[in-house]
Amino acid sequence: MNGGRAFLWQLLALAAAVVLAPLLVGNPYHLNVLNVMALNVLVVTGLNLLIGFAGHISLGHAAFYGLGAYVSGILSSTHGWDPWLSSLAAALVVALVALVIGIPTLRLAGNYLVMATLGFNLIVTILILQLDEFTGGPSGFSGIPPLKVLGRSLASDQQFYWLVWGAALLGLLLARNLADSRVGRGLKALHDSPVAAAAVGVPTAAYKVKVFVLSAVYASLAGSLYAHYFGIVTPKTFDIFFSVELVTMCLVGGMGSLWGGFFGAAFLTPLPQVLHVFDEYKDVFFGGILLVLLIYQPQGLAGLWTRHARARAARSA
Amino acid sequence: MEPLLKVEALDMSFGGVQALSEVSFSALAGRITAVIGPNGAGKTTAINCISGVYRPQGGRVLFGGQAITGLAPHVLARQGLTRTFQNLQVFTNLTVLENVMVGLHGVTGKGFVSAMLRLPGQRAEERRIRARALEALTFLGLAARAGLPAGQLSYGDRKRVELARALVARPKLVLLDEPVAGLNPAETEEMGRVLLEVRRQGVGLLLVEHDMSLVMRVSDQVVVLHFGRQIAQGDPQAIQRHPEVLRTYLGCQDQPPPGVEPAIALEAAHA
Amino acid sequence: MSGWEQLSQYIMSGLTTGSIYALAALGFCLIYNATHIVNFAQGDFISLGGLMMYTLLGAAGLPALLALPLAVAVVAGLGVVLEAAAVGRAKSREITVLIFITVAASVLFRGVFKEVWGKQALAVPPLSPDVPLKLLGATFTPQNLWILGITLAAIAVLIYFFNHTLTGRAVRAVAINPKAAALMGIDTRRMVRLSFALAGALGALAGAIITPITTASYNVGVLMGLKGFAAAVLGGYGNFLGAIVGGLSLGLLESLGAGALSSTYKDVIAFVVLLLVLFVRPRGLLGGGEETRV
């Protein structure tokens, strides 16, 4: 997990790029792709906290994303809640669900979280499909109101762009702050050696659960933003295959590296959207990339970068 | 004086092998207590039972008069009981300084929210943690290596990082599992000095060790385990004359038990 | 239909799908014992088994006696390829990485199947002509009997293999202690590869016998594989007897649950069971507990 001052400069560079990008991207469709990218960055940043800190992988983040979208969507349209309030309520619901899944599974050694979140994602998808009275079933749930800031609806791609990229940058900053703190060191320590971390006072089980809940909340908030941006949510967006895609973004970029996750999301989000022909071969492509990377470069793209940086440092030394 | 740590009739077995049976001993505050015994005597198991890694199947552990049997390790750390490990457990992905900073986890308290938001109190706490960790590194002569990834350190330096990490929070008692195993004579000598200095500062130590000359030099009390039983406790001089200890180590009457290292037996004989 | 007839109907269909879950669960067990990873491509073995039967039996017109072993051999081969080209070749030995290699392989396999066989459902002819049979009030087809019979035969062969052949015992030895097995002169890598082949063969068998009922498609095995995984967890992950018990109980639970409540939530049952087992008794019905030493 990155911390330190360098990260702040890099984040500032990204912020500058975010400000400049709309000048270059006039096409609203491309802006839309950038918006989806920011949403994915947010989810992946949260997921990365879990992978990098606790060393656990979740195959249920699409479901947390989906719950964030559906709960907030339903509360704000069917029940007329303010979208901000409904997003918060959705995050609370998701935090609770993550707590229920995390407490029994994370105290065990082994990969029980993967199994539990996998089962959970499948259940959520089936429930969304079957509870059509509330969720609209397979055709989706529509008529979700947009978010409002100072009385103005954020309905256009342009307006939403500022909101969602602001959220992504903030998400990265908060994650970095956590990494570079007492809690962050405790988490990194427990990833290295759980017994030794516990021996100096790190409550290992509680920390793993907390970081899992935090990472689920990241996904939920992104999901709520998604719902209020598009105004419609469909079950397919949040199925198990999207969970796999999210993990792919983390792993392609580099497990547990915040920038790795960012680049994974930035690289993989636009591909299927920009190349329409590619949509047909999406599975072959995603599976192939992930397979080759995991076999030959398990540290992901971030690993390539650190190796490069180390080699450069060694040459100059 | 009431002992700081009291171990009463601990029982522990692994799949039919009795690792500890009815083991009792005690350790005084601010003193060095050594637990010795041949390989397989149950020394590390005893440490694991005391530090909460294992839950003993019988008996109890008292720390400062309170029963702590079965409490989680991180709770014990907060109460002033920390430890080091026989197979080194340095956090290799953290720097040397960060390793020792983690050692203060149990005595500091800022959580997730204040860390993410960098609240003022959290910043102040971070500064305190850093300063105290540097102090501990200086005490162990590691200040110059503070910024290195701990994974790059030599074996001897890793042992010192572990010790610094266990000491930095100023615990009442530190459990040391073979603090000089694998060190060369000069490093061992240095470690002995460090242990005595720690004792002088009022921290109690309970060490499991094979190096008899170190044990005899630094310990106030020695506990002898053999096949999961406590066979003697006393000061070093008394232990060296204890008939059962001599029998165990030298095998005067019986065959030497399997696993006894001849070097130890010799050392004990010469001491 | 009387209550009894209905009950025996549910039990018949529960045992049929349960057999498939048991075969899938056995596949999960084999690979878990050999490598300690969860092989998420197990479901794709099932898909490929069905697709191969469609091609060999339906399109190429081979007799069943030839098509079935051929399909099993092809998928067993894919299992070996998965080990030789991916899992065994990985630079990292971290379990999470290895598990995600199988996830990636699964996505890739599915993509390839889609290119080769398309997205539509493909009808696979049954192993013998469809004539409705009746037993204790339950109506079923000869295919049901094939499924039960072939599953039983596969289990019998596995039991014989692991208990009475040298190679089978070597596979078990590798599962218990790979280092010691290697020191005894066992080629552990070969045994691991053999486990992948067996897992592929079991998946193929499951796919070949169930697709005449469900039809074959590029992703038909995914859900069955996931339910087989739930069955393996229910039985006690890595436990052979547990896989069989878990598979059959899950099949029965599903069919009785769907009958008693509503078939709408049939697919949820397996995963609710999975979560409940993980929460309440993570070692499963037949798994033993053990203390981990530091």
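Labels A, B and C are assigned to the chains in the order they are written; within every chain, residues are numbered from 1.
Here is the rule we go by: a residue touches a chain if its C-beta (ideal position, glycine included) is under 8 Å from a C-beta of that chain, and two chains touch if they have at least 3 such contacts.
The structure presented is a predicted model; accordingly, all values stated were derived computationally and were not measured.
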Legend entry - Chain whose Cα mean lies nearest the overall Cα mean: A
Legend entry - Per Cα centroids, the chain farthest from chain A: B
Inset, instruction - Could you put a whole-Å number on the gap between the CA centroids of chain A and chain C? - result: 32
Legend entry - Between chain C and chain B, distance of the C-alpha-averaged centres to the nearest whole Å: 49
Inset, instruction - Can you check how far apart chain A and chain B are, centre to centre, with Cα atoms defining each centre and the answer in Å? - result: 42
Legend entry - Overlap residues in chain B, where contacts from two or more other chains coincide: 53, 85
Inset, instruction - Give me the residues of chain C that touch two or more other chains. - result: 294
Inset, instruction - For chain A, write out the residues touching at least two other chains, lowest number first. - result: 195
Legend entry - Complex interface listing, chain A residues touching chain B: 174-175, 177-178, 181-186, 188-189, 191-193, 195-204, 210, 214
Legend entry - Sites on chain A touched by chain C in the complex: 51, 55-57, 101, 104-105, 108-109, 111-112, 114-116, 118-120, 122-123, 126-127, 130, 195, 241, 244, 247-248, 251, 255, 281-288, 290-291, 294-298
Inset, instruction - Within their complex, state which residues of chain C touch chain A. - result: 38, 86, 89-92, 94-97, 99-101, 103-112, 114-115, 226, 229-230, 233, 264-265, 267-268, 271-272, 274-275, 278-280, 282, 292, 294
Inset, instruction - Under the touch definition given earlier, write down the residues of chain B that touch chain A in their complex. - result: 51-53, 72-74, 77-78, 82-83, 85, 89-94, 98-99, 101-108, 110-112, 115-118, 122, 125-126, 129, 162, 165-166, 169
